[in-house]
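After this come two complexes, each holding chain A, first together with chain B and then together with chain C.
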Partner chain A sequence: MLDLKPDFGGFFKDETFVGDFTFANSPSAVRRFPFPFDRDQYMYSVNIEPHVPTRPGSVLEHAFDIDEHYVSEMRDRARVLARDPLRCQSLPHMELAGWDLVELIMESLSRDYPQWFTLERSGNDWHWVNKPLGIDQRFTFLDPSTLPYGPMEYITRQMQGDFTLQDERDGNLWVDAGMVTTQADWSLDFDIGMNFFEWHAPVPLAHEKGIFDRALKFLLKLQHGAPVRRFNWTMTVNPLLDTAPETYPEWGPSKTTLTQANLGAKQHLRVELQSLFRLPRSNAIAFSIRAYLGSFQDLVTVPKWGRRLHRVVRDLHPDLAAYKGFLRNRDAMVEWLSKYDDGAPTSPGIWPED
Partner chain B sequence: MSVAKLLVRVAEVEKINDLITRFRFVARDGGLLPAFSGGAHVVVEMEDHGTRRMNPYSLSGDPEDRTGYEITVRRDDAGRGGSIYMHRHVSPGMEMVISHPVNLFPLDGRAKKHLFLAGGIGITPFKAMIHQLSHIGAKWELHYATRNPALCAYGDQLKGPVHFYYDDLKSFIPLRDLLARQPLGTHVYCCGPKGMLSWVRATAAELGLPEHSVHFEEFTAPQPGAPFDVELTLTGKTIHVPSHQSLLEAMEANGVDAPYLCRGGACGQCECQVVKAEGQILHRDHWLTDEEKASNSKIMPCVSRFEGRSLAIER
Partner chain C sequence: MSFPPSIKSRPVYGVLSPRPGQAHLIIADGEGAGAVADLFASGPGIAERAHVLYTPGPNGTDDWAVIAGLGAAQAQRAASVPTLLFRLARVLLDAKAGTQCYLAGSEGLIGQAERDLMAQGVPHQDIQKEHRGSTVRRVQCVHCKGVTENVRTDPFQCSHCGLHLFVRDHYSRRLAAFQGVCIDAEEPGNIPPPVEKFA
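And then the complex of A and B:
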């Protein structure tokens, strides 16, 4: 078993995403929050762009972002998996894609964060060290008997954010493997084996706009070495990463607890930085869904974001607010946010002061 | 779409027989190249005395060998010249540029058995696939037809369930029997000359094999296209789009501020109104509707090109 001997050190925070909810963003984490709105309105679009490193210090600096919540998030993932092992599944033909993911992540992390992760290789003999989680593992690449879990599960127990692996066949993508414990109310156990249109079926308006047709055609041409990214967002009451349909009875009722007095602290904007990588050996596509939580009271400390969040939430199409699960609280949110919108114009783009 | 490139050096050139030569590329910086999947190809860029050629070639080496890539090129005396350039001018030590591997002919990982039908130079993707399947212990079988034993590239290296056929000796793949006796869950892969592809396609259909379990190597690798000029009416400039640049890249190179997001014809950001088009717009995007494409009123500069006398767009 992978037993964690976490080292929080000076950087990683010791916090919880359940129960007493001690999760919080430090001031610098608020400044680098991936605010997803580049203008004062929001509607679905094919918002895909090349995933090239940009803006040192931002969440886009590296292929995968590791932040101050890393160690605690990995502990939360282990907790969720212990309760419900079906959050991680891989159909038999996806093992090679799992190894591709091991390679992609280990190469990226050891290149981008050498102070925390190292990878030494001699042919297929690999030595992986993950200092924050206290892991020191020697294994044989492509030999699953040398790891404590299957390759995808092994590496995603050490990665912030959810991952799914899509097989490409018959001109479509099939979600045939995944590690999903920080999801916005969808279920891997329900979706596994579905194709691009099937798993997107519940999304309103986007099918009619041709968004999924275009997005799929684009993804089928995705090339190795040229990953892409997009942002998605929703709303979550309390900093709960695991908002799963399976546990809805445990977290759904929290939506009825908002008041004007507690809304700024309890209501979180949940942003997903999604990136897609063509995998080399399997020709599969890896989908990384990295969730960031930001409380309203933290976000409005950036004046541009306070103004813009108010306008987006106020004017959002009701079908989207309903799908994202916050229609009942929308008026309360708008009332709270209106205090931070003086009507001044906002600059284009997502960055705090551009 | 901007294609990711690999900078390589030619490490080996080996004549396999009268028509076929094997090339090995290594990374110029001495590092590892990306692993790839059996069936993948790379696009090799050639500066052929003023003409830029970009030819796709299947990778024929072991996908796990990240120290180098191998391609196997058949000299095509009637072709556009890429293979002739490779045979005549490419020698060890030369620096070249290739694309990242792209796979338009992938294995189906769910297959219980993989049946390969190769004709001539069509052996190349199967060589890589056999390496890959051998690593994971999956079941495969190869039927390989060539003109005669002297032209049977790699015949001596292919070990395992391999069957050879030679046209000159009047031995042919017993296709109908072969396909009819395959176990359920077999996937069939065919790579060879056009005639062979249609023979396999027709026979598989007659026998009622499910379409999704029969795969054909069909090259539709991105081709650069002819150069053209375009007038930008808002900027007041006329710019040249060379064959290896997209219209979007050419605008950027000329200091024109052109919006974009995906650079792959999907997001709609780069859309431009066409003011005048005497000729044909080669629409390659997924954004415009069929009617918009037919009317030639809009163009997506990140992927689409133009052929004809003159083009003017609003930008």
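And then the complex of A and C:
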């Protein structure tokens, strides 16, 4: 067992993503929220760019963003996994890719956050310290008997965001492993083993636009050391990270609880910072799907975002609103957001101050 | 029959055609017997190297007499899909490289046989599949993970947990099942009347 001994220190928040929902973004977390819309309307595109560090203080400063919600998110992941271990699965041929992921994450975190994470390597004898979670682990790299879980599960129990590992065969990518507890309503247990087109099959409009053909061609050329990223988004009522199809009967009713009085606090824009890394030994691709939740009332404190969110939600293709699960509440959202849109023009790009 | 265009994970089927092979492993149910007969007719060398496993279809169609009359080197009639799959597991223990695999009949039988062949390392692209007969579906409840066989209506009630599920076209080869999702999750009790969609 991974025995979490969390140390919240002065930075990490002690909060919940279920039940009493004490999750909240601090003012600085709101300012660094990855607002995903670079213009006043939204349609699918192959919006992939190099995942290079940029904008110190932003979610793009490092390969993996560790923020104030880290410790509580890891506690929430442990809760979800205790209830449903099927949320983490790895087909037998994916173990080497799991080790690749261990290396990628441990190297990145110890380089970018030395105050919290350290990694000492002597050949295959590794010593990993995760201070916020109270973990001090010596293990032998590539020897699964020296870790309390398989390599992918071990490291992703210590990483915000979901991960999937894609095997490459037959000119396609196959989602053959994953840790999925903060998903926008898709089931790893159902989709594991599918190819790129199959696991995206339920997405409307994008296949017809050739989005997935182009995206797959692009990803098959992904090179080690040159990761890429894109944003995706949806809507979530309450700051519930684990919007899983498995538990839909539990959280589905929350969609009928919105009023103009509570919408600003309960309705959250859910943004995924998705990054993809070619792994060196397995030739697999690691897909990091990092979810950020921002309440409407926090987002509209940035005037540009308030105006733009109103226009995007108002004008979104109804098939996309239905697929993203908020067609029922779209009119109420538009009504609430309209108070924050004075019709003024907005500047290009996602950043609040530009 | 062919199915209307759908999403990319929904299986599509072809017409069985003979390919050269050391052996021919043929698995069919119900009206799939007709596809097997057509296969034998178009591939005169198949019979002497053929092993056929057959079971009646979910609609009760039992064309075992058709199979029995084909002159296959080996042919067995199983009482049900699960008993057919036990026999298949034994056959696969001795299957040689270069064995051609052909599946015909209902989607549930084809999917489960494909799943078991894949588990033995046969790439799914190398398995020929022809749909004939019943269109009832094998559906996994995404909530309790239970599989309900021979689903005829949408929505239907999960035979394991009792939730009312709508039937998606999203399909998992690994599970050999379509996906069923709670239809009244957002408004518990608001369940539309079931419609006969699969027969």
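Just so it is clear, the second predicted complex is superposed on the first by the 354 of 354 C-alpha atoms of A that agree within 3 Å, B and C clash if a C-alpha of one lies under 4 Å from a C-alpha of the other, contacts with A are read in each partner's own complex, and residues count from 1 in each chain.
Everything below uses one rule, namely that a contact is a pair of C-beta atoms (placed from the backbone, for glycine too) under 8 Å apart; a residue touches a chain by one contact, two chains touch by 3 or more.
Worth saying up front: this structure is predicted, and the values here are computed from it rather than measured.
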item	value
First, second, both or neither for A:L86, with chain B first and chain C second	second
First, second, both or neither for A:M43, with chain B first and chain C second	neither
First (chain B), second (chain C), both or neither touched by A:R328	second
Contacts of A:K221 with chain B and chain C, given as first, second, both or neither	first
Contacts of A:M194 with chain B and chain C, given as first, second, both or neither	second
Contacts of A:R281 with chain B and chain C, given as first, second, both or neither	first
Chain B versus chain C as contact partner of A:L205, first or second or both or neither	neither
First (chain B), second (chain C), both or neither touched by A:G252	second
On chain A, the residue positions that both chain B and chain C contact, one per complex	170
Residue ranges of chain A touching chain B (in the complex, touch as defined)	45-50, 93-96, 100, 103, 142, 167-170, 213-215, 217-218, 221, 223-226, 228, 280-283
List of chain B residues in touch with chain A within their complex	1-4, 6, 34-37, 39-40, 63-64, 99-103, 106, 108-110, 132, 135-136, 212, 261-268, 286-287
Chain A-touching residues of chain C, taken from the complex the two chains share	7-10, 125, 140, 142-143, 145, 163, 168-175, 179, 181-182, 185-188
Contact footprint of chain C on chain A as seen in their complex	86, 170, 187, 189-194, 197-202, 207, 245-249, 252-253, 255-256, 328
